[in-house]
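A, B, C, D and E label the chains in the order they appear, each numbered from 1.
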């Protein structure tokens, strides 16, 4: 029998993979995708818990998380493009003009 | 009845202020000098009036309070004056001699720059000295005590352009301050000890009345008196604080006469006399005083033997004579000490003024001949007795007086001291021996001085030798008056053994009698002993004079031989036993080194080092931490995850 | 009038400052003149205090002003709480008196940016006066810290070569101490609240009534004492002083020496000591020891200085050692000596800084070696300098003696006898460094050709000094004018401290435990 | 459809509860339209209109004082707490807009949409402050963040600004992940996302501290807020973003959004997590110390004033966190008062920087400011007052604010924390003083001839100055308001 | 059966998530991400949330990923360095692992025994999932819904401002 814990564990694994990706990848877009993985794992948690708890709040939350993801995607990608226009790069190591 | 007492110090103060403020505008030296002299003379008149009133009065102690000075809780200090025989004698001496010396200065200081300044200072000094002797409590006395120090500072440094004058002035003040330190400490301890027994006072009368509250010979009274004695040492140039006095001769000669011979330097003696009851209660202190006094008398006399500067000889002689006074105080011969103080004031003032007259004359001559020789060096003098007869006579009279030749004032006072030091319950024959030796040396160097100056060949530069005048009247009148006093001044205190009534002793009895009586201080011995001693002292004086005569008149080449033979001893004596150098080595230089170390080493390196170090470390940490902010997104993200792991980890495992 | 006299005195300079801001900046004369008038008027306004005999008869606070200022129910409350007693009276008077003198001294020396200078001076005056009369700890703290701001700029803008270092050091050094005090103040307040004592705001008189347990007192006293010690400054936290003094412009040095250093000593008298009498007993030997070290140390270091101003600065360390020793004697004489010595130091050292300013204006150097023989060229100056020197040395008849004497008598009366003996030796050192300095600067021949054409003091400069000299002698000859009015206040203070020492209450222990418990 | 469903939905609606944000959004959308028809470079009227919008919103908000409005099935409540924070955000936004217009023109980005974005940001901040459902708070946070990503990267041709935007975006999104995960876990334990619901649930649970999921959820949630608050070690975006973003936006970010983040943070922790306060407070203690220390120490070494102020902003977050550690009314209201004060003083300081900056703002270094106090005396004085306030010197507001939070900590017995706090302020003195050292104690190198005063910026400086002095001298009423605003 | 499906989907999801990180070419990453999304959608269906599954596919896979791929194409990104450096790799790995550990810990000791809400499988079946969502959204969560609209508006405006060619 698949319990809620299975789902939670799966989402935890995905969450950590997402973190790992954010911490290691240099390509801004890939990092962005890794964040999406994290958000998705949260979504999975929400839905699993929502079903487990037995109310809809979690699922509504997922709905909004998706909205947010979309909004962030739009703005984030726009920012990446703007940066690319200036520096011809999407490598996050290239934005370290501001430091110290 | 004695309510005009305050006028005595007030007149000179007024003179000082007026001369100080407007003197610069007054062109006439006569007006300035005359005014200053007149004011001191007024004081003298008032002093005389009070003195005679006191003579006729049955009550011998009068305290006059002007107004309250400090009042804080149980501490009540008044501006108050005390008139008793002791202060009466002192005010007479101070104002009398003061008037004469003021008068003398009018002529002597003629043409000096800052003439008004000089008289302002002199008046101020008279004021301070009168405060010292009249003060009814230790604090008013201390005002005078420090005030005379201040004036001494000002007057020694009168020639402001002279480096040595400045040094000497500073030295005088600082050494005096060391004494003041002792004085203050003693005062505080006394105040607190008496206070803890219920008597919070600085008043002399009250101190004397309540002295029985202290334990006789106890620690407290010993400490207190020793502290006071330290103060007295500073002011009166006793070992170990005598070094300033010879240097003080940098001041104008009237200053040396007034301050450094007649009045200020005797303040220590006066103070001991004032507090005699306390000293009487502390035999060990008395012994210390006697030893120090005798040692000083002896020691300073040795130095006096070899000096060539006329004023320096006199200065060491002063130190030596002061030693006698302390010896007197130390052996309980209080009235003898004061007596010697008075006679010494007469003849030493006369001597100084005489030397001043000589210097004045030589200076005049050199000036006339455009020479720059030292007018104070005795080796440039000689044979002046013809040129300056009045000066010579008064000088000679005073020299005889100081040498202790009978019938002159010095004889009576000195002899009484020597007798007491031998025969007093607190005396010792060794003290007497030292005193007698010093007396011999005194006679020697004083006559050496007279011979070198007034007798023999005139060694002054040929160009100047014919231009040495006798001094003007303003100078010679004081000389004559003082010379006279040096002769007759002793007769008020002719001891009983010589058929006198010793009026002086009796007059002072209300002040000293009690302590002498209470603590059984008296000189005892047979008349034979007393006569013998007297004879011995006269004999040694005569021997001294004779030796001087042999060496400086008979065989003028003898001193040089002597010097070569005892080169080492002479060098030591000539250089004043290297005391100044010793003090430099022991105190002055270490202080400077410590000061520099504290400043450069402790303040700058340690304290500021810590302060700046903290700042530096803080900035350093900042600079280090700054590099965590690397600009790389990954690092930031890592930091965040670390934070999350820590927080969540704390919750999960903590 | 009396109801709001103190406010008027405090805020009149501030009002003046606002007007100063509207004076055109290039009108130098008007700026200075106006500031002088403002400071003089402030002095005149404050005169009724000095003549009020009530201080001689009653030791409590007079001219009270009390308004609610911040009141947040049970949480906290601060009041505008002013008052003056015989102790603060003379410090207020000193401040209002020194101010016109200071302004007058800037006539020639301040040319750059006069407007700012004058505005800051007036702001400073408000802050200093406020700190002396504030009876609410919070209010006191505000004025206390406010003082730093104008002083910081005075040093930093108009100062000497090394001014930036000095200004920043001054600011941070003093602020560090006061920040700790802030913590202590808040703690004290909550302690009072928690222990259920009826208090109104941070009123210091309410805190006096508090029976603090010893362990709380211990730390609170340390915090207060540290803060005040820096301001005094006591050894070894004195090193900001020489720097600040040396670099500050004359007016700044004068105010710093004359008034601001008194904040520290005043703080001890008004706050640190009466609030924590039990802890005080523990610390007195140490503090007295530091004071005495300060006396000897300051003197020795002063002796070796090459810069006149630095010398005077170090002499301040020594002088304030006497003040502190007197205060710690905890008896009437010592306290009175300490307080009158505060005033004395204000006058004498203020005058010394003015004097240094005079020669600095003429020669633009303060190195002792640059001078020599000035007495010849400037006789009036020499006389005034001499008088001030001796006042600083503590010659009887001048103010310095009265203060030192009373302080030492007090110390001898208390159980600080041995400290007092060492302190008394300060009289020797004082003579040494002051006279040596005087000799090197004023006496001897003029060796430096630059000194040949020095002008003697102008009438204005004499006018600056004369009032100070007047007080030198006034306090020296008839200090009762001042003592009479401070005695009742001191008596009351001592009674209060001594009575408090009896009553140590254990009942508040749990509260402390709760508050002190380190979390 | 069910009729009663519609009924229920309508009953839930209480426009009063969202009136301020509603007004702002309406204005924002209207202004978006207006700016479409605005010719290039002529954006002043948009700016003024948005100020008007904010003023109106301010009044609307104030009507809710002492008149709490709840609505939307408990997902939002406009209580005193929300009102107070909304006012902070409104003030911040208004001051920011006032200083922006000339600045944008100078820097060559006169874009009308800028102002509506700020209005939306403010609305988002209000939702954060008034949200009682984690969902509302989250969405408010996102509205706020997304607009700020845009605003931070607003100067799109400037690499610095790009970089600021991107860094903010990535780290913001990353932290959102944690926050959401936290919410999810909390939801799993309690079955609700309502703040009050969680609190309710918590009361029924016997042993909460053994429920690791709850603790971890709380921890992750807090992490998300701490990121916005810029507490160490989640502060690292702050200096870079603050430095790279347009100056008015930096000013805004450091005040408004920070206040909003604190609002949400406080509401969630205080209401929901009261029962685990011991655990929370320990963490806050460490974080507060860390934040203050890191901020202050690194600020010591900065040469760029803007970046220095960014670090100082971190340290101020640390001071404010002290109020959380205190965990009592004084501490909480202290935070609120602190943020109000901080809004005035920090925005004021930035406003002066906006004025004295050259195009491109290369001169906003310490050396660049040399002699500024003489060349521009009034601005110099203003900046000094702001800096003194940031230092916490009386009688400026900064002192009252610090006093307030320290009082809270001491009341709660955190003496050591208070001491560390004051020692940190002592460290901070140095770098603030250094600015003044440059302004006054050094000779001018620049002539500052390009500085032209303009009405709007001047007004914003004057308001900020008035705020700093008023709150410093008469802080009583405002402190009392903060006290009343705390639940 | 359910278990097998779950494990299989989970495995695919994890593997493709790993490949999102591992692939050098962003396009490949993106495609792997889509695969993860789809797996999650499958899981949603298993959790009886068909509506969420549909949205997952539409919004994530359909909209967001298209946008991402579009941007990748637009910028013509080749493959660039995989990870910043090996140390970063290690750090990331360690931290992620730690996180996983923690997550694991609290998942195990979390009380999620279920509070027995009204939404049961029966209700979903009888009432309909979409209806349930709709009901909740427009009653209890009306405000967040409205806020979401503002959010999207902001995002649109922002994206336009940031990326448009000239002012």
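Keep in mind that, in the parts below, contacts are C-beta pairs under 8 Å (C-beta built on N, C-alpha and C of every residue); 3 or more make two chains touch, one makes a residue touch a chain.
Everything numeric here is computed off the predicted structure, so don't read it as measured data.
Contacts with chain A and chain B are shared by D, E.
In this view the innermost chain, defined by its CA centroid being closest to the centroid of all protein CA atoms, is C. Averaging C-alpha coordinates per chain and comparing to chain B, the farthest chain turns out to be E. Of all chain pairs, the one linked by the most C-beta contacts is A-E.
Chain D and chain E have Cα centroids separated by 30 Å.
Chain C and chain E have centres, each the mean of its CA atoms, that are 70 Å apart. A straight line joining the Cα centres of chain A and chain D is 25 Å long. Taking each chain's centre as the average of its CA atoms, chain A and chain C sit 64 Å apart. For chain E, residues touching at least two other chains, in rising order: 84, 88, 91-92, 95-96, 99, 102-103, 105-108, 112, 115, 117, 135, 140-141, 144, 148, 151, 154-155, 158-160, 162-163. Of all residues in chain C, those that touch two or more other chains are 172. Counting partner chains per residue, chain B has residues 615, 626, 629, 631-634, 637-638, 641-642, 644, 648, 652 touching two or more of them. In this structure, the chains touch in the following pairs: A-B, A-D, A-E, B-C, B-D, B-E, C-D, D-E.
Contact residues of chain C toward chain B in the complex are 169, 172-173, 236-240, 242, 297, 300-305, 331-333, 336-337, 373, 375-376, 379, 382-383, 386, 390, 395-397, 401-402, 405-406, 408-409, 412-413, 417, 420-421, 424-425, 427-428, 431-432, 435-436, 439, 442-445, 477-480, 483-484, 487, 491. Interface residues of chain C, counted against chain D in their complex, comprise 69-73, 75-76, 113, 116, 138, 141-143, 145-146, 148-149, 152-153, 156-157, 163-164, 167-168, 171-172, 175-176, 179-180, 182-183, 186-187, 189-190, 514-519.
Looking at the complex, you find that chain B touches chain D at residues 615, 618-619, 621-623, 625-626, 628-629, 631, 633, 635-637, 639-640, 642-644, 647-648, 650-652, 654. Residues 2-3, 6, 10, 13-14, 17-18, 20-21, 26, 29-30, 33, 36-37, 40, 43-44, 46-49, 52, 55-56, 59-60, 63-64, 67-68, 71-72, 74-75, 77, 80-84, 88-89, 91-93, 95-97, 99-100, 103-104, 107-108, 112, 114-120, 132-133, 135-137, 140-141, 144-145, 148, 151-152, 154-156, 158-160, 162-163 of chain E are the ones that touch chain A when the two sit in their complex. Those residues of chain D that touch chain C in the complex are listed here as 281, 285, 329-330, 333, 374, 377, 388, 393-395, 399, 403, 406-407, 410-419, 422-423, 425-426, 429-430, 433-434, 436-437, 440-441, 474-476, 479-480, 483.
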